[in-house]
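Multiple structures are listed underneath, in structure tokens.
Both complexes below contain subunit A, partnered by subunit B and then by subunit C.
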Partner chain A sequence: MDKKEQFKKVKEIVTVYLPEDVPKEAISKESNLINELNINSANMVDIVLDVEDAFGIRLENSDMDQIHTIEDALNIINQKVVNKNN
Partner chain B sequence: MNNRVVVTGLGVCAPNGVGLTNFYNALYNGNSGIRFQQELADLDFGCQIAGKPSVSTALMENYFTPLQLKGLNSSGIVYGVLAGTDAWMDAGLQKADRLEPSWDSGIVFGTGLLGVDKLKEAIQLIDNHNCRRLGSNSVMQTMASGISAYLAGILGCGNQVTSNSSACATGTEAVIMGMERIRCGKAYRMLVGSCNDSGPYIWGGFDAMRILPSSYNDSPHMGSRPMSKNASGFVPGSGAGALVLESLSSALERGAYIYAEVLGGAVNSGGQRGSGSMTAPNREAVQRCILDALFDAKIKKEEVDVINGHLTATSKDVEEIANWAETLDRYGKDFPLINSTKGITGHCLAASGSIECVASLLQFQQEVVFGNINCDPLHPEITKLCHPSRIPLKTIAYKPNVTAKASFGFGDVNACVIFKSYKKTDDG
Partner chain C sequence: MVDRIIKKLPYTDPFLFVDNIESVTENSIVGNYTFNKNESFYPGHFKNNPVTPGAILTECCAQIGLVCLGIYLLQKEGTNIQEMQIALSSSEMQFLLPVYPLETVTVTSSKIYFRFNKLKCSVKMHNKKGAVVCTGILSGMLKEKNNE
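Presenting the complex of A and B:
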């Protein structure tokens, strides 16, 4: 999965958790998940689990603490995927 | 303050029909909702028949958001949300807007054990050292108050939001709790009701107690036989029933349709003393509960013309009929008309009281009394107390005036509610 595909996948995952009044077009790399996309903070654990399943990786609590924006998530995912394949 | 309380909305998700129209038609025609359950046969249950509402994925999408549907594995929440939302809409009420709840609208929506399938999922993950994989929705789908919490979120209720639990008396108790809150002026309207999960983890304990019928696996429709000489145990069921209760003034102001007035009710317990135990009702407590309900409703014994009993199809049915006869001092042809819709729905456990209240209120609206199926031959001890003509075998045309609905539960707990027909001239 190249980086473009990774972004598409993450976008798909996040879309499910958007409140009804936030359109999926609002998702950009810079979007802050909780403050801008208004995702319920309880759902952050669900997003992490979906990401783990989609990319075959495991995210620790410390990784989760670093995820604020979509870009943060993509960086950690890429790192984990590369580590896994090496 | 003593506000009058009326019923302005109904919703139901029952084994014999999801939605008011399907439920009504099934009751009217005596169409059973009890089916053979392959799952129970595969697990070597003695009783392999049960009542389970049929809810398609497409129907669920009308009530839940895609996010709510993700990982939803709590049948009680599905049944309760369907029935509760329907009752709200049937009453002509709107969901509160996004920013502010309706402060005058509350919920008492009870259950027995909620989300047992979700709990199983969680237990398996935890036992496999995988607690972190539970996700965020394990708690809300298994907490007892999950059903009232889901409904409050969907509808935007800002008054008391809670879930009561009193075994098979839960649904009727919820109606009484909601009535009391409106009466004393603490809320204008209350969504009340109850739900019960379906499935082997709910029904297994009863099968183990050998109180479910095991000889009707090939003829499920005949398995639930309230008041019959051949009654051999209750057929387990599931589902949900819901009522919107409202102060008379609020209902009149909105021009809402009024199914009936909730005149009064009572709850009590036999304290597991005397003839009462964890599983058997104390007769004196049952009789006191009925009497207290009449007193609360200011209704005379001779005014009750229809009873919807608890009548589960066990040997206790005879004792229940004796309790009604002795309490009301009405025997033979003077006994009120009585039915048990459990012959058609099975015993929907915590949901039974609310589903049966919905049935009783439809009888007011449609001017009928639903027939009892499978009670032939009637138990000889019952016909000694109550003339067979008082137990209609087919639905009859009749305008109910005062209906007494009672439910009794494990733990020796009782609930009895009194509904009265509402006429426009009653206003004020």
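Presenting the complex of A and C:
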């Protein structure tokens, strides 16, 4: 999966958990999940678990703390996927 | 261990719906509660016909199935719980039978996952005859307050 596909996949996952009043067009790499996309902490956990399944990786508490924007998530995913394949 | 769980519960009368924990492991918990005839909601639900509200049955399932199990799991992780921060984040329940005053119900909860402070469980409530009263999936966020 290249970076473009990774972004598309993450976007798909996040879309499922968007509140009704946030359109999926609002999702960009710069979007802050909690402050801009209004994802609550319970749904953040679901997003992380779906990301783990989709990419075959495992995230730790320290990774979770670093995820603020979609871009942060993509960076961590990419790093974990690279480590997994080495 | 069971005493230590019940003592940590952040509820009291008239909103404590846990009497005993019968068993607890890191994957499941069984507990019970007897609805006394003077519960605060019976005069209003319904007029002259007291029946335990579904919302209260859900609450009882959540107190035993999520909060008691969550306290056990946090303690097992080595968290020294002084004060808990908890919130129910989703519930999807089906109600099959009514529960009247003085009935004892048993709640069984099986962990689906506990990660990043979110506990998701499959819960089931039985009455004294062993019939299923309600069943569903509950999740909540639980953490030690000083971790903030």
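To be clear about the criterion, the second predicted complex is superposed on the first by the 86 of 86 C-alpha atoms of A that agree within 3 Å, B and C clash if a C-alpha of one lies under 4 Å from a C-alpha of the other, contacts with A are read in each partner's own complex, and residues count from 1 in each chain.
The rule is simple: a residue touches a chain if its C-beta (ideal position, glycine included) is under 8 Å from a C-beta of that chain, and two chains touch if they have at least 3 such contacts.
Note that the structure is predicted; figures quoted are calculated from it, not measured.
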**OP:** Scan A:L49 for contacts with subunit B and subunit C and give back first, second, both or neither.
**Re:** both
**OP:** Could you say whether A:D21 touches subunit B, subunit C, both of them, or neither, answering first, second, both or neither?
**Re:** first
**OP:** Answer with first, second, both or neither: which of subunit B and subunit C does A:M64 touch in the superposed model?
**Re:** second
**OP:** Report, in rising order, the residues of subunit A that make contact with subunit B in one complex and with subunit C in the other.
**Re:** 42-43, 45-46, 49
**OP:** Sort out for me which residues of subunit B touch subunit A in the complex.
**Re:** 65-67, 70-71, 98, 133, 135-137
Subject >> Interfacial residue positions of subunit A with respect to subunit C in the complex >> reply: 40-46, 48-49, 61, 64
Original post:
Can you list the subunit C residues touching subunit A in their complex?
Top reply: 87, 89-90, 113, 115-118, 139-141
Original post:
subunit B touches which residues of subunit A in the complex?
Top reply: 16-17, 20-21, 42-43, 45-46, 49
